[in-house]
Amino acid sequence: MSGEAGPGIGGPETVGPGTAAPGTAGPGIAAPETVDRRSEGLDIRGLEVRYGPVRALRGVHLAVPRGTVAAVLGANGAGKTTLLRAVSGTLRFHRGAITSGTVAFGGSRLDGVPAAAVVRRGVVQVPEGRRVFARMTVAENLRAGALSVPGRRAAAARERVLELFPVLAERAHQRAGLLSGGEQQMLAIGRALMAEPSLLLLDEPTLGLAPLMAARIADTVRQINAQGTSVLLVEQNAAMALALAERAYVLEVGEVTLSGPAADLAASDEVRRRYLGVGMPETDRPVGTDPGPAQQRHERTRLARWTA
Amino acid sequence: MRAALRSVARPLRAALCIAVLAAAVAVPFYLEGFWLQAGLFAMSAAIGAIGINLLTGATGQLSLGHAFFLAVGAYSYVFLSSDLGLPTPLAAVAAVIVAGVSGGLFSPIAGRLKGAYLGIATLALIFVGQHILFNAEPVTGGFNGRPVPPMELFGLVFADTPELVVLNVPFGSLERLWFLGIALLAGAAAFARGVLRGRPGLAMNTIRDHEIAAGVMGVPVARYRAGVFVLSSMYGGLAGVLVALVFQQVVPDYFGMLLSLDYLAMITIGGLGSVAGAVVGAAFVSLLPQLLTRYSDALPLVAEPGSGGVSPAEAARILYGAAVVAVVLFLPGGLAGLAMRLGRVRSKELRWAKSAPAPASRR
Amino acid sequence: SGKATGGGAGAGAAAGGDGVTTGPGVTATTITVSALTDLTGPYASFGKSQTQAQQLYFDQVNAGGGVCGRTYELVVRDHGYDTQKAVAAYTEVAPRSAAIVQFIGSPMITALKQRIDGDKLLTIPMAWATTLLGSRAIQVTGTTYDVDMINAVEFLTKEKGIRSGDKIGHLYFEGDYGESSLDGSKYAAGKLGLRIVEQKIKATDQDMSAQVAAFKAAGVKAVLVSVGPRQTASLVGVSLAKGMDVPFVGSNSAYAPQLLATPAGPALLKDFYYVSAGTPVSAQNPGMRRLVADYQAKYPGETLDSGIPTGWSAAMIVDEAMKKACAAKDLTREGVLNAHRSQSSFGGDLGTPMDFTFFDKPASRSSYVLKPDKTALGGAVVFREAAVSELAKDYPVPVG
Amino acid sequence: MAVFLELLVNGISVGAVYALIALGFVVIFKATEVVNFTHASLLLAGGYAIARLHPLIGFWAAVAAGIGAAALVGALVEFLILRRAHVGSRGVLAIVTIGVDILLTTELTRRIGTEVLALGDPWGDRVLRIGPVTVAETRVVALAVAAALIVAFLLAFKFTGWGVAMRATAEDAETAALMGVRLGRVSLSAWAVAGALAAVAAMFLCVFPTPGLDRGTAAAAMKAFPAAILGGLDSTTGALAGGLIVGVTETLMSGYQSELAFLGRGIGDAAPFLVMIVILLLRPSGLFGTKEPARV
Amino acid sequence: MPKRNQPVGSDGGDGPPELVVNEVTVRFAGLTALDAVSFTVAPGSVHALIGPNGAGKSTCFNVLSGVYRATSGSVRFGGAELTSLRPHRVAALGVARTFQNIALSPHLTVRDNLMLGRHRLTRAGFVSAGLRLPSARREAVRHGARVAEIAEFAGVGDALTIAVGLLPYGVQKRVELARALCMEPRLLLLDEPVAGMNGGERREMAGLIGSVRESLGISILLVEHDMGMVMRIADAVTVLDFGRRIADGPPEEVQRDPGVIRAYLGDYGQGESGPGDSGGPSAGRGQA
């Protein structure tokens, strides 16, 4: 599986097990690009990841050409975060490991490389769920973000981040743990930008952000992308993600079941129904998503009152 | 499927329990004093360890002061029975209660402090306790301590005299105490199990994992912290009474900091948060040095005492230290955890010892 | 089940082929004696030299054909000054021992006093607290700490010009050693109209500056020292440095030759003395000479300290008791005790003469005054020959 | 009055040494959130190295070597053991350090055996006379060194990348790694530094007014616990304050024990802990400690 | 030893009282997180609390649930004044909440996490649990059954024996809701219940919240940034900005309020994927 170029790269959209092919078809990507891409951006081939017994990813092919934005959609538990962990080398913090396949960036392999080294290659992740350093001040958090870059550049980066998120400037000396959820999210993103990444991995950046702020993040992504940073975006807000990305991938229970130009995916009924929540009939259940308990027919069931 | 596992496990458990019990009863008829005494030390340790495991393991409150509560238990027993002339069983019960109360007096600290801070704050109990033991002579007998009146239960005296012979085995104090020890340990273990499995156990674990959430879910956090502290002190007290009965004389030096550290080692080696773990760990920690000392002559690489080189006692210490380290490195969940994994019966108290997986950490 | 439990004097008493009734620890060929010592704890140095001296002693006796047609077997258990281990070790060795030639640590002995008595097991404690008196089976050798201190105080008055009305400091350890020493000094002070300035410390204390400051403030004319060598060194050193130039007299355990190598050495050589019932290894009498020679032969390079004669004579005491018991054809524990208690003047070159016929008083009341000395073996020489002070002679010893 | 001054000065002077020891605890705690029981044996290791080496290579070289040696031991402890212990709670790690401490202490005391080892320091038993008060020169130096080191670390933690990385790692290793922090190096360096500090502390602990290094030396580390806590486990300033408070309390209490006889003699050792309790009642995370940001 | 807080189920049946937040102010060193905020949650209604990040929504929740002390002002729930109560006392009155950042015990099973929700309704203390008294046993069984029922309802029925830590985030969110329901609350506080979920899951969660309200008739106070959802299920909306209340009223009005648009919504729907509305078009717009 891992060896040969999986359908994820070449073909317009993949037909994964248990998924109907969406109607529309986008232009395929020619082979030479693939070659050049492999030397250039992020290239994931035949990736399998396990957490002990749990297999979280299976035969995933994914590519983020330099200077582009790719989006990953998927239900809870589909493996999005796992995918990013596999790239950023933080799987080991969760007793997980890449069991087959390769992850390459800028032509050199990332799999098996410790997280710190990955960062030094310019691949920076905004972890899921903020993860700010609660006991350190906002300023110190930003400082921590810039640990991998020289002082002068750090100062410049700091400027940019603070104008992007003015509130961080106001709160510079407050302890990050006391920030509001959204403020923490901003700090987390700002902290990542401090490292001047050439590939930015965003795990649900707009989580808990107000609409205005979410839009702001979207613009930010466009900006830094315009400045040449490639972005791998995991986002539950599918509409936004598809709007930002050139190319999108749909993960279901650890497999890429759908991929292609974002526009095409945005147009596909499948995606519209499941990830944009558009026109989803009450009765219909998403097929093939995490077999876990996530989906239940709760709209039907009523809960009786508790009488002692 | 887990249910299935359980249904298989239950009869197994029962059989195991019966076997263990039978063995326990048989022991005094075959083993000599040294072993009985070692066993009794282990039982007392186990009781104490269960107590501190409720505190440190299940509620996440570090305590270095456990030895103090053993002292309170032991000395209260002596004082109440010989000075106030309480009947010994009553004195024992009262002693446990006194230990609980002294734990309660500490609750302003125990309720408010967490983790390392509480841990070191409880060190104060040791040092202040030692000071009192040495200086409050009328009660404690000062440096040379006090003789311990033997327990007397339903006319049976737990001492060498009057002579008693069962199946032509002379039943001295150790043989008699053995059964008392077994009973106390079984009781203590069962109780702790109930607590951990029941409503309080959940509250304790949640306080450990997420204090604020616990409060919001209706758990009176401070009161629970204090409550668990009291409970664990009572376990300490009971352990103290038992150890006093074995020693026949309480001396202050015994209840020092090393003892407290031993208790922490026990629950780590055994397995944090679980009753079984506490017992296994206690047995390991309290038996190891005694065995090594006893078989010092037989041990390889261990030099003849006084002849320089690694002496038995040193070997014991080294092994002990190594064991603590090794267990944490290679057996997350401790010896009990290992047993569980071998028996493929997982116990919920044990899980937290393994570090939390990803999605939980959305902080 | 043929299991034997400890306890019960003469448990398994039987008449051997040679018509000698034997008790636990005595077989047709061997007599087992045990040493419960501290080789890894605070008293390691002491315990080591004692154990080695005793090993030496029994080897020599065995080489000479043993006693009563039997050879000695010395079982050594190191409890590292840990009560639980000590109790465990006792429970293990007691049932198979005819005597305990060495038991270090009075907390441990106190913890076991009842049982030792019950087991009628002749035991030589290596601690000299009055609390150990009053048991027929336990033989405290030489003087007790308090008697030593009484002699010390008298020494101060006789030779160091301390007179009625003066204050003398007493630095002592928490615990039996320090506190029974204090009994002595208080008694003497009371008799001689002196005032004692107490300073109690713990074995873990290292720096005596505060205590010196207190003594200095109180204006003491001399200081009694019942602590460990470390603290002694610190005390004496700091006192001189702070210009408190007074005589110091220590208990036996307050001094160790190792100290002379430390910066405190000079200070100790200046005006420090210590009292002991044991003859220092530097003593020039034949017995001591031979012991030292043999010891150095067997354990070359090992430090020589007071532990050696102490351990040796303890072994000798037990050996004597066995010989006598053998003569009486009774090697049961009872027999050994009777034999032991029948000796009224046990003496030798290694310590002041002792009387074992009673056990509610120290076996001896006379102590040497010794003085540190760089050149001497064991780092100390006799400064004043052993003598019983007037006070000590009719001092009512508190017992138990 | 003179007595009081004398005691006070002495208290401060021992406090300085305690502060140095406490600083070691604090560094480890800040960097790894582990209560480091191994510190006692690190002290012993440093002292032992100095004591053994000074006859051969002279005092200062020996001190340098001792610092190096202790740092190495510390680093090894981290590298061989703590790094490999994947446990959820910091409490468990604290217990591991107990195990390590037992190992090291046993071996070191075995080597030290029955000796009392002098460190051959240049100060000897000289004392400074300030009016009525006298204080050992060694202690004056100790105070200076302690103050200097503590300021240094205060700055280091606040302003150097090393400090930031260290605190980040302590709080959330994974995220720190995502900042490009080399986790291994950070905690390794922390332990090395703690070892070095221990050696420095040991040097002052084993010179006049104490006779030298012996197996009992490590016990002094115990006194540093209340010092570190009441100052605030994660505060370098706290270490200094705590050390001095403990030193002074202890000295005054034992100096005045005759007057305080009703409390029982030898209260000097218990007193610091009582003070600690009182302070913790008022400030549950010590005088200068930062308290957990509690919000949901 | 902890005692039970409230007679069991005393508040189970009867309908919820009104929640009146009056002039509540919360200050932290330097900043005012809530500035004299007042609003009222009508019995049995779904009331949304929205506003920009850092507006003070969670702070408000923390005041309501006793985690923070209000600097001034009052919160009345039925007869009780909440501002003076500690969290467990508030819980005893039947106020349950979920957290913006998941606050479950990762190592305990879903069942155990839910059972904790029963804490205020059960009474077994150390003694009765330790001695396994019949009372404790019966209690455990009864409430165990209810927990299973609620789990089923919340759609985590077959995860009961799994350690929460191993579940994906979305499922953990459901567990949190279920745990809150296990308290048999009269007032339910939900802090961003659908954050981190995709369209489909949001729709389901919305449905779930709806049916909670239908079947239990309890009051729900909701903090959510997903306007689509707010518009869909809220009866009334209060908008905070910089700790001050800038609007209050039925959703449609609030949605039109220029102040709200300026401070919070912006070009409403931009990058927004509320279930039903705005999803597709916005995606299209993004492409432009």
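Per-chain numbering from 1; labels A, B, C, D and E assigned in written order.
As a working rule, contacts are C-beta pairs under 8 Å (C-beta built on N, C-alpha and C of every residue); 3 or more make two chains touch, one makes a residue touch a chain.
These numbers come from a predicted model, not from an experiment.
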### Message
What are the mutual neighbours of chain B and chain C in this structure?
### Response
D
### Query
What is the graph distance from chain C to chain E, where chains are linked when they touch?
2
### Task
Any chance you could check whether B-D or A-E wins on number of contacting C-beta pairs?
A-E
#### Entry: From chain E, the most remote chain by mean C-alpha position
C
### Message
Nearest whole angstrom, what separates the Cα centre of chain D from the Cα centre of chain E?
### Response
48
### Query
Hey, how far is the Cα centre of chain C from the one of chain D, in Å?
37
### Centre-to-centre distance between chain E and chain B (centres being mean Cα positions), rounded to whole Å
42
### Message
Can you pull out the residues of chain D that are in contact with at least two other chains?
### Response
106, 110, 172, 174, 222, 265-266, 269, 292, 295-296
### Numbers and ranges of chain C residues touching at least 2 other chains
40, 48, 174
### Task
Enumerate the residues of chain E that touch no fewer than two other chains.
58, 67, 99-101, 103, 166-169
### Query
Okay, in this complex, where on chain C does chain B touch?
1, 3-8, 37, 39-40, 47-48, 51-52, 55, 76-80, 82-85, 87-89, 91-92, 95, 106-108, 110-115, 118, 129, 131, 174-176, 179
### Query
Which residues, counting only chain E, touch chain A once they are in their complex?
8-10, 12-13, 28, 30, 51-55, 58-59, 100-101, 121, 146, 149-150, 152-159, 166-171, 174, 181, 184, 192, 195-204, 207-208, 210-212, 214-216, 225, 227, 263-276, 278-280, 282-287
### Of chain A, residues touching chain D in the complex
88-90, 93, 114-116, 119-120, 124-125, 127, 131, 133-136, 140, 143-145, 147-148, 175-178, 191-192, 195
### Task
Name, in rising order, each residue of chain D that touches chain A in their complex.
161, 164-165, 167-168, 171-183, 290, 292-293, 295
### Task
Sort out for me which residues of chain C touch chain D in the complex.
40, 42, 44-45, 48, 174, 197-211, 213-214, 216-218, 228-230, 233-234, 237-238, 240-243, 256, 258-259, 261-264, 267, 303
